[in-house]
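Each chain carries a letter (A, B, C and D) given by its place in the written order, and its residues are counted from 1.
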Amino acid sequence: MIENVSIYELLTLTTILFFIGLYGFLTRKNLLTMLLSIELLLNASVINFVVINKYLYPDVLQGVYFSIFIIAVAAAETALAISIIINLYRLKTSVDVAETETMKY
Amino acid sequence: MDILTLFIVVPILTAIALLFTKGLKQARLTTMIGMLIQFGMAINLVFAYFKERAANDAIMVFTKDLMWFETFNIHYSIGVDAISVLMIVLTATVVLAGVFISWMLDEMPKEFFITLVILATGVYGFFISIDLFTLFVFYEIAVIPMYLLIGIWGSGPREYAAMKLTLMLMGASAVLLVGILGIYFNSNADGGALTFNILEIAQVSIPFEAQKLFFPMTFIGFATIGALFPFHTWSPDGHASAPTAVSMLHAGVLMKLGGYGIFRVAMYLLPEGTNYWSTFFIVLSVIGVVYGALAAVKQTDLKYINAYSSVSHLGMVIFALLMLNKTAWTGAILQSLSHGFMTALFFALIGMIYGRTHTRMAPQMGGLLKVIPFISMIYVIAGLASLGLPGMSGFVAEMNIFAGAFQHTDTFHRVMSILVISSIVVTAVYILRVVGVMLMGPIPNEDYKNLKTVTWFERVGIYLLLIPVIGIGVAPLWLSNMINDSILPFIQRLI
Amino acid sequence: MNFSYTIFILIIPIATFLLLGFFYNRIKPAVSGWIGVTALSVVAGLSYYTAYQYFFNVGKIDGKFQTFFGFQANWMNFTENLRIDMGILLDPISIMMLVVVSTISLMAHIYSRGYMKGDRGYTKFFAFLSLFTFAMMGLVVATNLFQIYIFWELVGVSSYLLIGFYYEKPSAVAAAKKAFIVTRFADLGFLIGILLMGYYGGSFDFMELNNPEGPAIMNWASTSFMGLSVITWALILMFVGGAGKSAMLPFHIWLPDAMEGPTPVSALIHAATMVVAGVYLVARMFPMFHFVEDGFALHVVAWVGAISSLFAAFIALTQKDIKRVLAFSTMSQIGYMMLALGVSKYDGHEGLGYMASMWHLFTHAMFKALLFLGAGSVIHAVHSNYLKDMGGLRKYMPITNITFLIAALSISGFPLTAGFFSKDEILVAAFEHNKAIYFITLFVAGLTAFYMFRLYFGIFWGKKKEYEHTPHESPWSMTIPLLFLAFMSIATGYLPFSEWVTADHKALHGHIGLFSNLGVIHWDMAGIAITAGLLGIAIAWFFYKKPTDYPAKVSAAFGRLYKWAFNKFYFDEVYLFVTKQIIFKRISTPFAWFDKKVVDGTMDGIGNTTVSLSKVIKGTQSGRIQDYAFAFAGGVFVLVLIVIYMI
Amino acid sequence: MRNEIILLVLILALLIFEIFTKPNQKKHIINIAVGLFFIHTVIGFFPIGESSLFGGSFRTTGLIHFYKSVLNIGVLIILLQSADWLRNKVAHFNKIPEFFILLFSSLLGMNFMISSGDFLLFYLGLELSTLPLVALIAYDSFNQQSTEAGIKLILSAALASAISLFGIGMLYATGGSLYFEVIAQNLQSSNLAILGMVFFFSGLAFKISLAPFHFWTADVYEGAPIGIASYLSVISKGAAIFILMAILFSVLPILSEAWKLVVYILAITTMFTGNLFAIRQKNMKRYLAYSSIAQAGFMMMGIINAEELGVATVVYFVLVYVFSNLGAFGVVQAISSQTGKENMDDYTGLYRTNPKLALILLLSLFSLAGIPPLAGFFGKFFLYTAAASKGYYLLVFLAVVNVTISLYYYLLPVRVMFLRKSDDAIPYFKSKLMMRAGLVIAVLGIFVLGLYSPLYNYIVELSAGVL
């Protein structure tokens, strides 16, 4: 609970964060920045959970724990993604998303 | 094992036995034995049926019922009445004849016969089913082998034809499926157990709204394989490309599933829907009859002529069914039988002619009466049967249809009946045109003088099909009585 | 009297057909000829015996000829009431027809043994003849409309097979096809008529339908269509079928072409027996024709008959092929029979036309068969059908000459020949009931005499031709039938026909029957007819006995009329136009096109559209992750919008 | 929990094996792993009582246990079919054990996901199943397509799980808990709940590859090793369907009107998308990918029933689909590992050289197309019944239209294999024992499952009372 800050403001923040992340994911050309955008998306959720937990259901810390797990999983995800991106870099010497368009239609 | 299940088991066993054969000789011998047994069983069934019928006046006899999927109340439920018995005899005859006609098939014979036998299994199963689900299952089993049969052993644009045929028929069957589901879910409006059993569904009355909705689906589903205009276009291409035995089986038997299904399922279970839609479908069927005949006039390829002629003849079956009276229905069944034997005969002959002259274009041939008199004479006879000459089966059937159609006194039915009757003249035109061009006249090609005469297996095939054509034509009484008895419960539901 | 043996009249020919048909390549020609002749002799014997029994012994009860059934079996049922039987009905006209058919058929058989000698299809020919005989016999003894229709069709098909007997000749094939299709087209009317009759008359059975007090006749007015009773329509439609078989206008076009068949066939089928089936049908249904709606349908019959006879006579004047002349003459004579029926009434003396028609049918069968067989004999000798290749044959072929002359006299109504008696009865009947038709008939009588003698003089007199092969008389197998029929062409005139064959089955006072009632001959009527006939003969004598240029002048004088008549009033062309240009080109071709392009095209189109749709949307799978992500996010939002606003 | 523990033990054992074997002996791990997994599968057949652990986070019921057995069978078949490929193509990378470890981990994730009783375990299971798969997809690190597929999947999956998480957050907000049971009790229908449901749904829709969340599918299948592609198409899809059903039916019944509409729309878009795209495909893997998308659309028809009948039909269909699809993938795998050919045109004339393979492919495709008497027909028919019983006749009608379209492309390989002849057809070869065993099991399943009704009755029994 933060003084003078209602849940609406926080949720607006997370929503904005969510859309920024989405926007980033849709527009960035670099795979790494796309990955960063994903983090933004995840962070929006994480904050969501914490906020909901804190403001609405403060008795049980479900949301908080969930957010910790999300952070952990996100780390694993990022690690895996980066390793594959590195592999791509090794093959194509580029981390541009345009390099991943050979398979289509 | 009961007398009907054997009809499914024997072909399956034949197919399994075929797996272990090598070469043409073993394959055809195995198939022949299997199908001969089947034929014998079919003949036996007729006698058994009469005997059973004398003691048992249920709608279906030899019934057997096994639970299959309890959740949906799906049963393996079988039984026959006179109509199915006759259809089974038709199937057994045509299949056996088909085996003889394919006696010299040299490309992958084993596979050919296996596929053929599977197809036959489906047809038998269809005719003995009382349960809509099994009926549908067997229907599809009967249709799908056509793809391989036409695609592998066919000629001409076989891939196209096979694909078209399969897609149209399976598409229709998909529509039919919706209809069947509709029937199923309305099969017990009062809240009892839903059922697929035809006889049980016939006991309840399905709500009118549902009948109105599902009748056309069921009808079109079946009518497509019965070559109802405008869903007939698979048939000319399919027949033209199919190998001989397959054309025989297809035109002779498979297309009959349509009329049979309409009769047994669409009309029987959805009587009010039938009345509601009958005008519309009568118009379609009449268009089919006239249009098929007229289109046949223009064709030069023998198989196309026959295919369009089938459209016309089977249009008559559907027309007759829609006339909703006993006479016309008897005619419809007789026409199914008659057309089955006759068209199979026709296709067999076309196959033989093609095998000798290597062309199916009527204008390229001539004077065949002189060089292959036996085949040519039978062709003339088949042609005469096709145009409804008295003494042949077609006449009996057509007369019943016309007589039935004339029982309606309103102008609409009258006009439609007269249009249908007119088609017999057109039939005469295209049949005689072919006979005149192909069998008569001068011989255009010196090679024709050395054509092989008919072989013994071809003779057997021909006689198998010719005898019923003439038999029905000469002495139709017992047959029509037999059919009449079985039609009664069905017609009573409609009037 | 038990007539059940009559079933053999049907069984023997069909058995012969099956025997010869199945073993056509194993039986030697000589043997098969004998088989045919023997079988037919038996059939003829049975027919004569039946006739004798019927007319002289058992047929008449209380002054009225009764109807007997030789055989009856249920063949098929349409409904409980409407059933089709197969049976043998014996009454005066059917027995008369039995005699005609068996006689002519036997003669044709005997004649064919000579005429067809050496032909490849000798056995087949006899088989087909037997088939025809069977079918024709079945037709005449039919007990109900459906049976008659069944055999009607069978006659048609045997006619088809026989016309197309020389199947390697394209013209024969075409002629056979034409004959079958034209008659089948007419049979369509017959069939519809039968069905209508079945449902409004309540039965197919002759006995029930033709009973003047029966429900069918009494209730004719119950339903009507376009101002006429449906029963009348049915009768007219049935007459359409009859007109088709009997080559009445406008279905006559097949008959001249049918002459492509072997000559015995022309004699048997297309002169004596099958072509009169239409007349027989009307006679068979006569009570209905007469009683329903005051005989409206009968008027149609009369006028069609009259016009056809006139029309055919005109054409016969101009034809150059002798068989075609005979064919048109046949058509003309059948017109006579039709009009005689048409003007007839039912009871007593009023039924004179009916009697006359049947009698003429009988005599005509004899002399027309004779004419054809004679023509066949001539053709056999000179190997041509054309009048221009003939002339002066009387020296070479004396028997043919004499018999042909007798037949020609008979058809021209020369006094004391058979044709004289029967034709004059027709004239009397026409005179009594319809003057307009009477004058047509009279005029046609003159024309008939003229064209027959044009033929006769043209063949046997006229210019002396040099023949490459000297023509010689035909063998005995061919001349015996000629002689026999020549005898019949005179003798049948002296039968007491009016006592035997009448509409109401009661004896009737004829006018010119020799043994029955010679005393009351109306010499005024006969005189006019004889004059007309003799006038025709005289003109022919004048024109054709020696080669002259009168014919050319006359035909030039008539100019266009001659040309029209020579071209058979362009009926063939009209039909050809209708079939080729309209049915084939304007209907069938578009139908085939429609099927290929539109119906099939639609089905293919559905498939092709699906495939091209698949090509169109392939761009969405662009391979770019961000596009996918956009679709994902977009999908979510669209779903949210839909769900929230729809619920 | 038995399943998971054994699986975990298996994974650990393999890890140890990996550590203590020399590189040239690692080949043997194939037999060992397959053998062990076979034992695991067999053990899995033994029934297990209902229980729940961790305060309800982890539940086991008969049906859930059955789900796991289905997945086990599928994985077993995949292992059998992949053995050849591992031995021939992967051996020199010296990372065979990794394959098993990762695959089993993923399976473990799925097991957790299926058993989950709250969103936390669900999420963990989901991620545990996805991440090892990504590694497996990018397994062939020298192959650019493989890498590309990996990137596509990880990025898309991350996006999907992020959006899904956002949705879970909303459900948490409205439902007041992460436990399914509590949510089911507390949840009220509101726009926020619907919003959360749709967001959450999209995450699973992504795994099931429902259009428009399906785009990754084709690309990933094409790039992935065939074994993994088949794993994706049956196991991962099956597991996601199972849990989706569980959550929709028992957690969100209050929103059923909303999610039925979603399911309705997605079913239609998915069927059409899958079928229309499949028509054009030349690469067999890609072709099967679209086919599997279309099949997923059909499964939605069972879900829309929203009753026990729906559960039973969907489970049955998935079971059938496992066998049918693995039959098809197996043949593709067999040919690919033998010749490296993966295009449909390469199959020309296959029947004349390799009749058995061609026949198996034919049967599998016919089963997928729903042609009796093969199991696929029964599966589809029951799905139609499930939808029609709720009056969704239009949906059923569209489905049958799609079946017709699908029949067209299912016949395409049949056409090239049977109808055509080719001089350079794939020459005859004899598959290894394991491959054959894999194919035979698949074919047996295709035949037996449909005709032998007690199996279906068993499923019905299991699904009774799950709601």
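By our rule, a contact is a pair of C-beta atoms (placed from the backbone, for glycine too) under 8 Å apart; a residue touches a chain by one contact, two chains touch by 3 or more.
Note that the structure is predicted; figures quoted are calculated from it, not measured.
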Next item on the list: Identify the chain whose mean C-alpha position lies nearest to the mean of all protein C-alpha atoms shown.
Entry: B
Next item on the list: Return the chain pair with more inter-chain C-beta contacts, choosing between A-D and B-D.
Entry: A-D
Margin query: Between subunit A and subunit B, what distance separates the C-alpha centroids? Give it in angstrom.
Written below: 65
Next item on the list: Could you put a whole-Å number on the gap between the CA centroids of subunit A and subunit D?
Entry: 27
Checklist line | subunit B-subunit D separation of Cα centroids, rounded to whole Å | finding: 42
Notebook entry, point to check: Roughly how far is subunit B from subunit C, going centre to centre by Cα mean, in whole Å?
Noted result: 37
Check: Got the subunit A residues that touch at least 2 other chains?
Finding: 25, 34, 100, 102-105
Checklist line | Interface hub residues of subunit C, defined as touching at least two other chains | finding: 607, 618, 621, 623, 625, 629, 633
Next item on the list: Give me the residues of subunit D that touch two or more other chains.
Entry: 151-152, 155, 159, 163, 218-219, 280, 408
Note to self: Per the touch rule above, enumerate the chain pairs that touch, sorted by label.
What the structure shows: A-C, A-D, B-C, B-D, C-D
Note to self: For the complex, give me every residue of subunit B touching subunit D.
What the structure shows: 67-72, 133, 136-138, 140-141, 144, 147-148, 151-152, 158-159, 162-163, 166-167, 170-171, 174-175, 177-178, 181-182, 184-185, 213
Notebook entry, point to check: Residues of subunit D touching subunit A in their complex?
Noted result: 118-120, 123-124, 127, 131, 134-135, 138, 141-142, 144-145, 147-152, 154-155, 158-159, 162-163, 165-166, 168-170, 172-173, 176-179, 218-219, 222-223, 280, 286
Next item on the list: Spell out the part of subunit C that touches subunit B in their complex, as residue ranges.
Entry: 25, 74-79, 82, 146, 149-151, 153-154, 157, 160, 164, 167-168, 170, 172-174, 176-177, 180-181, 184-185, 188, 191-192, 195-196, 198-199, 223, 583-584, 587-589, 591-592, 595, 599-600, 602-604, 607
Notebook entry, point to check: Which residues of subunit A touch subunit D in the complex?
Noted result: 18, 21, 25, 31, 34-35, 38, 41-42, 44-45, 48-49, 52-53, 56-57, 60, 62-63, 65-66, 69-70, 73, 76-77, 80-81, 84-85, 87-88, 91-92, 99-100, 102-105
Note to self: Touching residues of subunit A toward subunit C in the complex: what are they?
What the structure shows: 22, 25-27, 34, 97-98, 100-105
